[in-house]
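Below you'll find the structures, each written out as structure tokens.
Two complexes are shown next, each including chain A; its partner changes from chain B in the first to chain C in the second.
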Partner chain A sequence: MDLELLAQLTVSGLVVGSTYALLGVSFGVIYATTRIFHLAHAVAYAGAAYAAVWSADTLGLPFWPALVVGLVAAAVLGVAIEVLFYRPMRRRNATLLTIFLVSLGISVAFPNLLQLAFGPENQSLPRPDNPTYGLGSVTISRHDVATLLICWVLIAAVATYIARTRFGRSVTAMRTNPAMAEAVGIDGKKVYLFVFLIGSLLAGVAGLLFTAKGVATPTMGLQPTLTGFIAAFLGGIGSQWGAALGGLALGLISSWSALYLQVDYGPVVVFGAMFLVLLIRPQGLLGKAAA
Partner chain B sequence: MNNRRKPAGRSGLSFPSVDVSRRGFLRGSAALGGVSFLAACGGGDGDTKSSAAKIDTSKVDSEVAQGLQDIFGPGGEEGGSGVTLTAGMLLAMTGQGSFFGKVMSQGAQLAAAQIKSADGITYDVKIGDHKSGDVPTALTVTRQLVTQDKIKILQTSYGAPSEAIVPLIGQNKLLSFNGGGSSPGQVAKPFLWQTRMIFGDDPCPGGLAWIAKEYPDAKKLAIVGTQENGVAGAKEIGPAVWAQLTGGTVVANEQHDVGATDFSSIVARIKSSSPDAILTFSFGDDVGYLVKQLREANVTVPIMGIEFTEQAAKVAGASYDTYNFATDFYDPKNPNPWNQIFVDGHNDMFGSDPEYYGANYYEQVFFVWELVRRVLADGGDPTDTTALQSALEANPEFKSLYGGDASAPGTVQFNPEDHTISKPMGVFKVTNGQPSKIADIVKIASGDDPASALV
Partner chain C sequence: MSYYADIAISILILMTLGVSLNLLLGYAGRVSMAHAIFFGIGGFTAARLTLPTVEELGGVATAGLQTGFSWHWVPALLVAVVVAAVAALVISIPAVRLVRGEYLILLTLAFQLVANQLMGVLDKVTGGPYGLSGIPPIQLGSTPLILPEQFIWVMLAAAVVAIVICWGLGESPFGRLLKGIREHESAVASVGKNPVVPELLAFSISAAIAGGVGALAAFYYGSVVPSNYSLTYSIFIVSVVVLGGIGNLSGTVVGAIALGLLEPFLREYVGDEAIPWQTVIYGAALVVMMRLRPEGLLPEGFGPGRLLNWRGRKAPKVVPTEEEALARLSQDAPEVVTEGEAEPIVQVLDLKKSFGGLKAVAGATFELERGKVTALIGPNGAGKTTIFNMICGTLRADEGRVFLRGEDVTGKPAYQLVRKGLARSFQDVRVCQRLTALNNVALGVQNQPGERVSRLVLRPFATRTAEKRVRQKALDCLALLGIADRAHLRVSELSYGDQKLVAIARLLATDCDVLLLDEPTSGVDPASVEKVIDGIARLRTLGHTVCLVEHSVHFVQRLADRAVFLDQGAVIAQGTVDELMNRRELAELYFGT
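== the complex of A and B ==
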């Protein structure tokens, strides 16, 4: 085995897997609580990127303030979807399937709105320098280091908040038994707003991390949303650390598969591994089996 | 089966199981329909649409009309005034490649407006969206263009969709041109003509010959490509030519999905194989991400690509200044008088210089105009695509935006046997994100000495 290649693939897998982990937590925290298959999560991802680019280009904001604008946009868009679409539909007793259809529609419409507003061209942020650090033959860029740190700090923060605080426990209660939770006085609307806020912020962070080293495009949000969905299900719905582990596993398996296979076989290996895991543990890696 | 809903929680937060009531389904469908309408606004939903209303001929001045008549001949009866040809464009109007659809359609629209202003044919453009390469959509849209819009001409794009519609092109005798995704599977097909060099295959020997000359110690080559375009170049032509040129070997041959943004695994494998040079057949934004990530991983060997777009340059940033490419590249600074009319018109109508793909689809419309003139001169029916194609085969040389000088346009030549085109090619370097030619290359026949591809 080529150990240098293994080391480089491990570093790459950790970096990519960290982003997947963040996406898994962001998707999972919404899905586990609301049971909405929130495909419109892509809106927060792409919306953050475009808001940051717009504020840098049009308002002339420097890099970091532009990122803040992007995060605010992600939060506003995510919450707006809940308030303007999902909540009224629930009030009218819409089923999860009909809400999913609307979410699907939003996820299709939003990239086209972005294209109408900004055109199909790539949009980029003024990027800070991105030097590369070497450890033997293994290299890692400053952006990669930042990605690792940001993703895991945020994941830990969200998991700790939900596990340790009173409001966080009300999120768990709503996930476990919404009717009972409301019966004991938990404000379900507030909990739902919270999970959309947190989930959208995390998706926004992922979108900004991507744009900071690449470009924003109208269709950039859908693939990461699906990745987040896979990570959340692989790790276990309802467990922040499970979703994070699922994402990390996706990144590492995909990267390590390049030890022996052409890179374009990576998705086959990933889905094969996911199939096996879910066959053995249908509740996911860290999920709890239904009673 | 009980379709009635179970009671919801106090805030309606307790979801029932996913039984679907008729009313619920209709509500969802209505909402979905609403947002889908918005989706359709973004650039087409697979239906076709006429772009005639978008062409603002008022922005084409009389000076342009005179300039075009000086180059192509008079308008009026001789120039096909009064002849209307309905043309379809099968483009990527939505999805990842929507930038290409935009510039290609702009090129054709500008050409139609300029030809009309020069008292030439009426070229009525109908745009169909293959959603950035979706083959079933391409088939459906092409059928719509044929049956509903009654097109006679087709300007198609991308490799896979264009290969899929080859039977439709032949059955319906659609005089068709592809200047975007020319591939071996489209060669020598009835009524289908390529207006760019075959992606990857044609410029590959010249590009590798340039590396062999500039880096004489380079023996180990890594190749990166996709399964969509340039497949023969990556799997057959590249390895064979490299061995002939240098006696060296291909130490890595990597493929990735089209639209990839994460090349970390490929970069790791390439680093591990320690190549002396890299040849990539990646295209679109992919090549920008690849070059950027290779350089960030301290891979400093020369990289030879097959394409340049400003979009990919935006992705790669400063690292693109270490990238070379070999192709039939379009230069908006070419002083060729027709090219200057094109560049000025593009700036007037769209506010920017044209680029490679816009130029190819602009040029195609003028090829059609020229064919109409030839058929009219011979007393034929200019709306008969068989007559138009016969005129092309009889004289496969056309004026071009490529090549030429300040006094005359360049020329390009189709090959009547395989329906490919010969255009000036070169090896280019990138400086501050802008390409400039550093060597001329030519297409060589199979079995020729690949060093002869470098002029």
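== the complex of A and C ==
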């Protein structure tokens, strides 16, 4: 085996896996508490990218302020979906299936709205230099280093916040027993708002990390969001570190698969991994068996 | 003319796909996000099989590898159907263990994206991103059906066949089983039905039909292209079903026509931007519809039949009297025990269960006598329901054994216990709200040929006769409990007390000798309590052994032959109810002092 290639693939797998981990945590935080299969999560991802591109192009903002605009857009979009659609439906005792269908409607309409507004072509940000560094035979770019740092700092922050603070524990309480949590005075609405805010922000970060190196397209949110879903289920619903581990594993597996397979087969390997884990360990890698 | 026929064909394709998806989404309550892929699998299979061989093309393997096996279209269509059905079964394997809706969403969503990508990559099989072309059209006799106004009849026939299949299955006992599982999986399992297999079958049949449509579409368009089988198209099909009305096939027909006309209409007005506009419009329609009218344009159960009131919802013509019902039911009932004889049918030996540090049940031993009503009584927290759950196999005992007619049945799953003659009801009733009382009870009847798809297809008339017997039996069970006149009402329209009676009738319909009732009168108004008492007394008359968990002393005194008094997880006394209630220390324990 080509060790140099393996090392390089491992590094790129770690980088890609970190963004998958971030996406896994961002979806996991929302899903574990609300049980909504939030397909419209892709809106926050693509919305952040387009808002950043738009503010750089039209408002002429420099790189960093444009990213801030993108983050704000992700948060606003995610929270708006909860407040304008999901919350009123819950109040009317809509089933999870109905709420999922609304999510489906939003997720299919939004990219096409983007296409009607900005056109189908690629959009990009004026980006700063991206020098590469050599570590022996392995090269790593500044963007890669930034990705690693940002993803894991954010994941650790969210996991710690939920595990250690008072409000964070109320998120866990709402996840495990909503009726009881509300009976002891936890404001369910606030918790829901919080998970949508945090989840959408993280998805926005992932969208911006991608756009800072690649390009924005209307349908850009779909594939990464799905990878996030898979990561969260793979790791175990309700566990932030599980979702992060799931994402990292997916990144490494799909990167390593390039040793033997064409790059196009990456998603197939990811799907296979999910299929196997669901078959052997349905509750996910770090999930607790259902009662 | 051709232009309109072509639009009509695309609408018929959409309609057939929608109808098949509605079998899964409406009756089984499960979402598939990969319907377009099964459509595509059928298309590619049929295309490869019918394309001319290399020899026929003059022995030159062309660059695009547009060659095949030169099959006739009929076998190719059949193989396409089978391949799609098998693909669906394979994909749903993990869902067997995780019968929760969102896992099927996750699996099918991922499958949709991966399979669509593979269609573009596996160029040896699918011809790569540009797909396969030059697929020969359908030949009827010596006429190739190329023109839209010719092919439209084929597609129309296909749509009718699909509607007949889905409607037939959906309205059959199999469809009733699907709806039951959709609403209360555990309740269906508790009356002896496997809750997983019917759902997988529905998924597979739904995919099979999509595969068949895919083959027909390939024959008509002459080409199959991966981008036609995208997630967007899958969502489009879901939208057709949801907007038309989940669980209503006429709704799907209407939905397909409405959404299918959208694209040609938009092409006239916005030209090249028709596709994104179309997607925005149906996405928005989905959101608005689910917010304002989640049941869709035509709700479940609303259709031409319902308007004329000729199916199902009619009050039964002949309501059997209780005596008639009793006479008929006693043929299937267990042998009535003669007076004075006491033989145990269920033996509970030293059952133990702890939850963490809490000993919920600490060595309970007692017996149920055949043909008697036994009550488990005791203060709250005595472990009554826990024991119940261990007998029924819904909770694993730490130690101890349960014997049914001398056979060790400890930890057997609920549906196996029913086959051995023991069934239970739930404290929170778990009746299917959207089914009629009669259909709820019919779910309890065992060995129904109509619940098996193979029998429905191979022996349609025999299953129909069997279904008549099932309905008669269900009606008799309802009559015995005094609610046969409400058999045609949806359970959601009944009072809570009547719902409890429906649950007991469903239990009775299983023909199990041993019936376990979990708090049959909790939350029920006093008038209905009397009806429940009468009903249970009749179960005893029929020879059933009844065990109930109950709080009301009045109820227990009126009904129970024997009582088992539990406290802190142990049996502390057994005997007749009066004996126990006359013992001062027990009465104090029970009522508190």
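One rule holds in what follows: the second predicted complex is superposed on the first by the 291 of 291 C-alpha atoms of A that agree within 3 Å, B and C clash if a C-alpha of one lies under 4 Å from a C-alpha of the other, contacts with A are read in each partner's own complex, and residues count from 1 in each chain.
Going forward, a residue touches a chain if its C-beta (ideal position, glycine included) is under 8 Å from a C-beta of that chain, and two chains touch if they have at least 3 such contacts.
Predicted, not measured: the structure shown is a model, and the values here were computed from it.
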item	value
Clash or fit, chain B versus chain C on superposed chain A	clash
Chain B versus chain C as contact partner of A:Phe233, first or second or both or neither	second
Touching partner for A:Leu116 - first (chain B), second (chain C), both, neither	both
First, second, both or neither for A:Ser254, with chain B first and chain C second	first
Touching partner for A:Asp57 - first (chain B), second (chain C), both, neither	neither
Touched chain A residues, chain B compared with chain C	B
First, second, both or neither for A:Val108, with chain B first and chain C second	both
Touching partner for A:Thr139 - first (chain B), second (chain C), both, neither	first
First (chain B), second (chain C), both or neither touched by A:Leu279	second
Identified clashing stretch of chain B versus chain C [78-86, 114-122 or 132-140]	132-140
On chain A, positions contacted by chain B and by chain C	35, 85, 89, 94-99, 101-102, 104-106, 108-109, 112-113, 115-116, 262, 264, 267
Chain C to chain A touching residues, read off their complex	29, 31, 93-94, 97-98, 101-103, 105-107, 109-111, 113-114, 117-118, 120-121, 231-232, 235, 238-239, 242, 273, 275-277, 279-280, 282-287, 290-291, 294
Chain B partner contacts - residues on chain A that touch it in the complex	2, 4-5, 8-9, 12-13, 15-16, 35, 85, 89-99, 101-102, 104-106, 108-109, 111-113, 115-116, 119-122, 124, 127, 130, 132, 134, 137, 139, 141, 174, 178-179, 182-183, 188-189, 192, 210, 213-215, 217-219, 254-255, 257-258, 262-264, 266-267
Residues of chain A defined as touching chain C within the complex	35, 37, 39, 85, 88-89, 94-102, 104-110, 112-113, 115-116, 222-223, 226, 229-230, 233, 262, 264-265, 267-268, 270-271, 274-275, 278-279, 282
Interfacial residue positions of chain B with respect to chain A in the complex	5, 8-16, 18-21, 24-25, 27-29, 31-36, 38-43, 94-96, 98-99, 101-102, 227, 254-257, 261-262, 264-269, 271-272, 285, 289, 292, 296-298, 311, 314-315, 317
